[in-house]
Amino acid sequence: MKILVTGFDPFGGESINPALEAVKKLNKKIGNAEVITLEIPTVFNKSLEKIEEAIKEHNPDVVVSIGQAGGRFGITPERVAINIDDARIQDNEGNQPVDTSVFADGENAYFTNLPVKAMVAEMVKAGLPASLSNTAGTFVCNHVMYGVLYMINKKYPHMRGGFIHVPYITQQVATKANTPSMSIEDITRGLEICIKVISETKDDIKVAAGTIC
Amino acid sequence: MKILVTGFDPFGGESINPALEAVKKLNKKIGNAEVITLEIPTVFNKSLEKIEEAIKEHNPDVVVSIGQAGGRFGITPERVAINIDDARIQDNEGNQPVDTSVFADGENAYFTNLPVKAMVAEMVKAGLPASLSNTAGTFVCNHVMYGVLYMINKKYPHMRGGFIHVPYITQQVATKANTPSMSIEDITRGLEICIKVISETKDDIKVAAGTIC
Amino acid sequence: MKILVTGFDPFGGESINPALEAVKKLNKKIGNAEVITLEIPTVFNKSLEKIEEAIKEHNPDVVVSIGQAGGRFGITPERVAINIDDARIQDNEGNQPVDTSVFADGENAYFTNLPVKAMVAEMVKAGLPASLSNTAGTFVCNHVMYGVLYMINKKYPHMRGGFIHVPYITQQVATKANTPSMSIEDITRGLEICIKVISETKDDIKVAAGTIC
Amino acid sequence: MKILVTGFDPFGGESINPALEAVKKLNKKIGNAEVITLEIPTVFNKSLEKIEEAIKEHNPDVVVSIGQAGGRFGITPERVAINIDDARIQDNEGNQPVDTSVFADGENAYFTNLPVKAMVAEMVKAGLPASLSNTAGTFVCNHVMYGVLYMINKKYPHMRGGFIHVPYITQQVATKANTPSMSIEDITRGLEICIKVISETKDDIKVAAGTIC
């Protein structure tokens, strides 16, 4: 089994992106999965083009994208991506779409087909703060998650795909007051657990992991 | 113009629901809108049945549902509802659906057709903390928002609909450590501003109000 | 009984100070107490000079100073003031002392002799978020609390004194993300409850209201 | 130079204490300092008795106590300890003092004579979240910090002493929602930086590191 794992380059004034740092550190063989890593730009559309190139080159079974969620306390697999681009800040090439579709002919939203609840459960079992998220925002992270699931839906129905948000790493918050973080080692460990679960699990577990609001 | 405004009864161990308290206090005439208020149970399906009864009785132009979002700092109109029920706690009749659809033949998600960014802008202008939210959770609030937009999509295409989450009111947090709240007067004022904007505005304003993640 | 209540002018880029706004709204007669209000500058030393002038003019039984604590969720009477000025930002006249004493011949700290736990208990009973604080910071608020208790200790032993921090008011946080606030009406109500308790209670109640850390 | 470093046993329902875990992992030789470690019980008075025994046995130049501050985001050296025991929960032997002095003949407060601002600056430079704290609470942590500074003041004037609070470690928050943490490796690294600074620095640096409130 081949798993393509993508990480964004830094954005929003940060000099590193914890997602990319963790992706670089991943073992290239996890369980029975071969891990292929890919750096993608924090840029609308171009990020998706790079992913589709890699899909064509490697024909992976799974695409998992990793992104930074500054302010979150743990690792948060995403349940759903929505068909909207609404950028509060410019991306790394100056684009700032407001309330446009990711793909005009796409569904309003796509649900991931990764076993996100099992991923969360295994991370918590391993002593890592993790929970299921119901929003990937409206910036390039949601854009990439939506775009990958759109491609799966339209062209690559045998593939699975999804997105995992990770917190700042410790050194990023040294000068930020009251901002949560995790060590790069723990983030990497969490992602390797997720990849192992993905490689072994087809159907998600059925446990309540909802959010009141 | 007729606007049906719904508020939930208390749930989750609370003895009051700020949404319902605020709904009760609303002026019955706001701008050119006649306001019809409706208490609905915090119960899957039954909440929607009560709303459809009221739709049939009053034939409103707009349905706006109001719900409590304990832990949020301001008033947050919702952008989107997703086709999932995933209840971390039981509803008020003991139902606890896990990962089931709201409606099997519905879209993955529906976007509100209320002018949510204009609503936020007017509340902020009036000195109230407010922002646009991209997740209504996966409990009865999302269920009701999704269900109303489903009904609009399937049966009442002339109608508009949406959801507004409100924080705890001050007295609810007197014994909760470090929990944000607003006064019932400010919440009511914020909802009246929203209703006025809804009654006067068809198309939303085009400003960036996105969330990074 | 005469109670002198002081409020600071705005500082730190804010155009209003919730403490001063609330002080202005106080009833001039609360229980058996005559309330005398005083605006003081957010300036080291000068603030204390203004208070001592008012003490000489009015000979109050109690001095209570009110200050803004942006970021706190409720009303927080202070337990203790420490003999240090350490200003992260300049005061309103450009002073920025670093690690100097408030008064070189003062104690390391002074405990308030107001019934702070009873004040908290009555506010909570009235539905207001309130708790006892163990730090008034190291800026002008702590400076004023320390200075008043120093004066009581050295020159006015019949007097009682203390400090109450209040959160931002709602309109101050309209454009601040995830920042707690209270309405000016609730802050004023909380302060009036405190003044009533002070006027009726000499010895504080003996309940655990400590902080782990 | 000899530095005695103490860590508390677990309390408050936790099965581990990050302070103790980190203390156990410390190098026994840091810079020119010999590090002596000591486990102390989270018990009023008994904790101080154990420390005084160790002082008599080892005659250290410095005593630094480390404690857990669940909810804090970084490592926080403490500036000051106050002469009050006010326990919101029972200690590990069931004691729950309310508003009693630590030592009846002690000062109202003692300031640490460790170079706390230099310690913070070096930790931040090393990429660790750290800041100066102005309150050690009113539970056993403050009790121990106060007690050690009292002993220094009364009996061991050549000694230096102080306290450092550390956050939860990552595994402690795996099942706590929205609670900050650091890895045990980073906490240990931060403490070793502090000890190195203590061993090399007599007078603190003069930089503004105050708190507004």
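Letters are used for the chains, namely A, B, C and D, taken in the order the chains are written, and counting of residues starts over at 1 for each.
In this text, a residue touches a chain if its C-beta (ideal position, glycine included) is under 8 Å from a C-beta of that chain, and two chains touch if they have at least 3 such contacts.
Since the structure is predicted, the reported quantities are computational estimates derived from the model, not experimental observations.
Path length between chain A and chain C in the chain contact graph, taken as the least number of steps between touching chains: 2.
Annotation: the chain A:chain D pair of sequence copies touches via predominantly the same residues, more than half of the used numbers being shared. Comparing mean CA positions across the assembly, the chain most remote from chain D is B.
Separation between the centroids of chain A and chain D, computed from CA atoms only, is 39 Å. In this assembly, the C-alpha centroid of chain B lies 47 Å from the C-alpha centroid of chain D. With centres taken as mean Cα positions, chain B sits 29 Å from chain A. Across the assembly, chain D contributes no residue in contact with two or more other chains. Taken as a contact graph, with one node per protein chain and an edge wherever two chains touch, the assembly forms a single closed ring in which every chain touches exactly two others. According to the touch criterion at the top of this document, the contacting chain pairs are A-B, A-D, B-C, C-D. Chain contact summary for the complex, chain D toward chain A: residues 73-74, 123-124, 126-131, 170-171, 173-183, 185-186. Within the complex, the chain A residues that touch chain B are 12, 67-70, 72, 79-80, 82-89, 96, 98-99, 107-111, 134-139, 141-142, 165, 204, 206-213.
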